[in-house]
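Quick notes on the structure that follows.
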Amino acid sequence: MTRATERKQGFMRSLDPAVLTAFGCIVLLLVLGSFYSRSFLSPEYLLQQLKVASFLGIIATGMMLVVLLGQIDLSVPWTVATGAMMACAAAAYGPLGTTLAIPFGILCGIGIGLFNGVGVAYLRIPSMIVTLATNAVAQGVMVVYTGGFSPQDSATAAMRYLATGALIPGIPNVVFIWALIGAAMVFLLRRTGFGRAVYGIGNRERAAYLSGINTRRIVMTAFAASGGLSAFGGVLLAGYASKAAQSMGDAYLLPAIAAVVLGGTSILGGRGSYLGTVAGVILITLLQSILSVTQMPEAGRQIIYGVVIILMLLLYGRAPASR
Amino acid sequence: MKDWEYRLAEHRGTLTALAIFVVMFIIYTANHPAGFTANVIQTAANKGVLLAFVAMAQTMVVITAGIDLSVGMIFLLTNCLASWLVVGSPLETAFGVLVVLAVGALCGATNGAIVIYGRLQPIVATIATGAVYFGIALLLRPFPGGSVNEHLADALTGRIFAVVPASLVALAAVVLLIWVPFSRSVYGRAAYAAGSSETSAYMSGMPIRRGKLLAYTLSGLVAALGGLFLTFFTYTGDAAFASGNAYTLFSIAAVVLGGVSLFGGKGSAIGAVFGALAFRTIGDLLFVFDLDPLWQPLFQGLILLAAISLGALALFRVRNRLEWFL
Amino acid sequence: YAEPEVVSGPAAEPECFAPWSADTKFFKFPKKEGPYRIALANGYIANTWRIQMVQTAKAYAAQPDVAAKLKEFKVVSTGEDVPAQISAINNFIDSGYDAIVVNAQNPTAFAPVIKRAKEAGVVLVAFDNILDTQDAINVNVDQKGLGQLWGEWLVKHLPNGGKVLEVRGVAGTSVDTDRHNGIHERLQASGKNFEVIEVVGKWDDGVAQKVTADAIATSGPFDGITGQGGDTGIVQAMIDAKHPFVPFGGETENGFRKFCAAHAADGLKCSSAGTGPAQVAVAIKTAIAALEGQVVPQSVKLPLAIVEDPNFKEGQDYFQSESDNFFVGNSFPTCGINFSAQEIMKQSKENQ
Amino acid sequence: MENGGPLFRMEGISKRYGGVRALENAGLSVRAGAIHAVLGENGAGKSTLIKIMAGVVAADEGQMTLDAQPVKFASPAAANAAGIACVFQELSLIPELSVADNIVISNPPTRFGMIDRKAQRRIAEEALARAGAADIHPLALVKDLPLSRKQIVEIAKALARKPRILILDEATSALTAADVSKVFAVLKRLRAEGLALVYISHRMNEIAELADDCTVFRNGSKVASYAAGTRSDAEVIEMMIGREYHSVYPPKPGRLAQIAPVLETRNLSWADRLHDISFSLRSGEIVGLGGLDGQGQRDLLLALFGVLRGLRGTVLVDGSPISIGSPAQARRHGIGMALIPEDRKTEGLMQPMTVRDNLSLASLDRLTRGGIIDRAKEESAINQMMTLLAIKAGNIDAPVGALSGGNQQKVVIAKWLMRQPRIILLNDPTRGIDVGTKQEIYLLLRRLADEGAAILFYSTDYAELIGCCDRVLVLYDGTVKRELAGAEITERALIASALNIPSAEPTQREPAQ
């Protein structure tokens, strides 16, 4: 087999039916939306959606990494908030603080992620529960911080630029950032030993351990990465809204999980492609947006949101029949 | 090993949860300004029982190796429904209770059907159904309100013989009438077996689908009991999204504290009940320690973290590292 | 037990304890000897408003003249869960507190507790999210009036009607509904042709910004905007989308007011109104007055802190160098409560 | 039982898994009161056939008759109801449930709709006793039992169903000789009681002892059916592998030079499972671990590989003491250790991942540069292994789970050979593997030894130890009871020392230093 055909095969594999159907659903949603208003097909609207999707996309990237391991990260809400608030806080400490604001925010997220990772990998506490507790602790810390220590909560110019500027005219920076992170993730998963190990651990951690893979370090690293990406998402969100707020991450947890799974990643770990996650993120964002602008009462929106997700999953997200 | 050692091992999770709860509750009442009085117990019981029901509902799904992220929403939906239906004459009230429970069971069965026959992963399937149930709850109660048969409500949230909280008695009755028969039935065992190893259970010819469906259905039913009690406790229906989510997340914490394995196949709803009561006591501890109000959420988070980390202590006894990966 | 006597007005400090309406009852509780034990049963805590509120409560209770009347002031935050808050109040009652101040997670769920408080002779004062009852004291913000104010503002600035974006709060809460009704009442009453596009911003800057951006892209441009909260995010979305500045009726966030001051000349004509977190201090003050046996209305009407274009003054109505996140209107001069929000957040920093 | 037709008959059965043809027009006919042996190489389709018989998988084509009536099984439960019980090759026990729960699982006794625990326990004890394992506690959790005990429980579970047809798919593969003979007594009794038994095994001696009828499969089709004893072993093996067959074991090199050991342990102890184990392993040598199953052999291998905590004593590699804290350290350069684990399903392979990914998983550190996989290097290393071990896989990008058992095992071995390990630990590597593949593995081991590897080899099969090993350490209760070398390694000596009875042979030599 030549390298080229092999690469093509690898690409085709990532374009499995689930991913294709997910992209099909995106088109369908847009077409349905355009019946409501022509502007759903306008480039401004699409670009605007892509921009909004980028925040979820970045957060979902981290989520996907831990989901591939067969774990889950429920600390997203307050990791996002912590990243945002800490980045803004750093900016209060002179020019040095301002320069280091973004890395500092991400670093705080990595710290939370590391904590999760230690709990999951070294203390073997189920991720669902460690991350839940970490989320509570992060919330507690941020409440204390806001009530007593908060020197500043408005975003730095750099954060604003990353979130709202456009280096290449027409393409918002944040979309660009998501694309970069996505490319790095694809590379990481496909071409590096780390990626292979992640899939291996997701499939069977015991076998991975006996293969001499340092499973604990990889799990911990993945959680740290997830924390860092959530926090980075928070930093960008703060840039987007030009300030940080406590509850800013709440709206990202369930959509991030849903996006990853809608993209065909198995929640049990070991299976999934990043392209699918991209599709899932866009799907969720579009769905939320379309539901938000149609003048429907909240109740109806919730019902439609749930039903559409179920239908899409039934369309392509089913486990194979076992006989 | 002797018989009793095996039995002890079987119930270790439940007993640990009981111990955690007892220790916390003793700390709580010992420091409570009012002390260990019937009023204090009743207040704690009424609050604890709600989460206990939801945690019991969560357990039924978790033993099948599933997870129900809609359980809090079923709880809300049935609360809103009860605030319409559980009113009026005794007959009307009884009818209302039946309808509420039936709707809860239906929600659970819907989850089950989607997961089993639709072959979707429980975690996402229930995120989606949760949105639907919340939507319906919001349709029923766009604003908090409604009412409930106050005689029934007061009877079930009051005290029996002026000492025993009626809600605790109701909880015990539900455990005895729903959980125990279920867990000892063929279907209950099939649900456990499916959670432990679905392929093996299938190859052994167990009725796994029916077992799982029953587990999901009863889960919805028990969540509805929680919803009913919420109505009794508050006299109203309220579709509060944040509160539904909070109950879902708390129920997961309670289940883990109760020694139920999130990987399925192991644990008991009785453990989860104690887990729920223990979890609720964490919140109560805020009363008895004079904490700066801003530090309270942090304090709660840290106690939760400490409680779940207890499970990690067993790790240090593990001599064979492969046991990490069960 | 000691039930309040229903008396006729006026209240002890009529300027501060203004009755909600003409038919509001007045209570006179049996006088209790001080100093008192007062508790604050808060629900949710993790947002700026609530944190600012708790800080204000502590600061108020620490003021020498207030502190002299208090033996104990305890705050407990129980989160989003209504039963937990109910239990907290029950516990306070059982522990013998004299008065309990509550920011209720649900206006209708507290009937059994109100009953118990009454039996135990405990004074219950609700503020912000008040209780649906005649048996406890409510310290009220006129939420519908706020909506009416914003509605009127739009009517005034859009004499010919037009397309209005309404960014709503959290669905299902009475605050959201009251404000929404107030707005629509006035828009309709104007007889002009208003087309209203509603989106749900959940009182959150991030959410509000996102839905506003969506609405602008699909249904914009708009001739006027009204937002119940998350207003800084809404303006930010307008700026990002290069939407022209239009008249805006909104809340009292510092960030929003900063924008209003900066872009008034470009058309961002704002009415910024609300009642700040300092209403907790009014609630505490009311509780103390009731315990002291003074006459208080069952339902206290708080004045709105209104600032409208062109009256935004730096250092008083908004603070350019301060955080966007706090709510500016934080003083009730008629009650002798004069905290500036910024003072509250700063002071506590030194306290820690 | 000559009278009457067959009790159960399947004809024209075909089954495909995607592109893989597992069965093609296969058939089988079993009669009451007889044991029917099914033979065939790995991947011949034996398991697939009996899974169809047991209602686990649905055939694409073909008919089945029971008592001359056509039948179709929609589920294992349906097959159970028809009186067919099966001990599957991949066990079907529920790990979190107790032994008793598992035994009655398909049809538990109930009272008032609830499972009657007393009755259940009675049934379980009875079934365990019948299976010759009364020592297993009915309340023990299945997950806590070693594999060999699990297999017995599985047999007891099948017996508790009181079947008319009992199928055993490599049900004795993990059992030791002593357990096997107990099980055989049970099977013979069942035959006498008039049951029809289907018996799949790769152990020729077992089949010789038990079978009345035999059927040989190759490549998904039936090759021949014959009465037991009518064909010679060599003939049978030729039918199975489709070619001529010679002695199984490669010649041994004879006494090795006294070179310094690569691996040595001194007084190695762990918990209450291993006691004062001292031995040495030289390069070029294959050392066997013998003894009854569960005497600490597995623990010893895991201890050496860095999996166990709290080891006492010393482990020396190349003469210097080292401490190995994880498999990652064990495989490191300078130590170069590899462990072929016992259970390929849970410890050796990631079933849903591709053959390629599985093969490179243990060598990721070597196949990457700066963390990035060098694809050319990976490709050539994989190709080398595929040819070296003659792994039969249609497509290396297909999931490894789709390979037959034997080929899966080859993948497990290959993934470690890719690192060219100096010290190879093998934990019962030929369990459930056909003779052809076994022979390939023996040859491979000898070749690796000749090339300088030091091999420590645990096997439950005595013949293998005798045929392959230069020395054998016999373990009993966590200690090395005896060390046999060269001509001392006889079945008799192995069994005697395994049972810890004084050997009949007078020569008690000093262990080699």
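All chains are identified by letter, namely A, B, C and D, in their written order; residue positions are counted from 1 within each chain.
Quick note on the criterion: a contact is a pair of C-beta atoms (placed from the backbone, for glycine too) under 8 Å apart; a residue touches a chain by one contact, two chains touch by 3 or more.
Everything numeric in this text was worked out from a predicted model, so none of it was measured.
In this structure, the chain pairs A-D and A-C differ in their number of contacting C-beta pairs, and the larger number is found at A-C.
Averaged C-alpha coordinates give centres for chain C and chain D that are 72 Å from one another. Our note on geometry: chain B versus chain D, Cα centroid distance of 44 Å, whole angstroms.
Measuring from the averaged C-alpha position of chain A to that of chain C gives a distance of 35 Å.
Among the residues of chain D, those in touch with two or more other chains are 56, 307, 326, 347.
Multi-chain contact residues of chain A (touching two or more other chains) are listed as 139, 143, 147-148, 206, 209-210, 297-299. The multi-chain contact residues of chain B, meaning those touching 2 or more other chains, are 138, 142, 199, 202, 294, 296-297, 321-322.
Contact annotation for chain pairs lists A-B, A-C, A-D, B-C, B-D, with touch applied as defined. Chain contact summary for the complex, chain D toward chain A: residues 56-58, 305, 307, 326-328, 330-331, 339, 341, 346-353, 357, 360-362, 364-365, 367-368, 371-373, 375, 397, 415. Listed in rising order, the residues of chain A touching chain B in the complex are 72, 74, 119, 123-126, 128-130, 132-141, 143-144, 147-148, 205-206, 209-210, 254, 257-258, 261-262, 266-268, 297-307, 309-310, 313-314, 317-322. Residues of chain B that touch chain D in their complex: 1, 3, 6-7, 9-10, 181, 184-186, 189, 192-193, 195-197, 199-207, 261, 264-266, 318-322, 326.
Residue ranges of chain B in contact with chain C, taken from their complex: 32-34, 37, 39-40, 43-44, 46-47, 50, 138, 141-146, 153-154, 157, 230, 233-236, 238-243, 246-247, 280, 283-284, 286-287, 290, 293-294, 296-297. Within the complex formed with chain A, the chain B residues making contact are 67, 69, 114, 118-121, 123-125, 127-136, 138-139, 142, 199, 202, 249, 252-253, 256, 262-263, 294-302, 304-305, 308-309, 311-312, 315, 321-322, 324-325.
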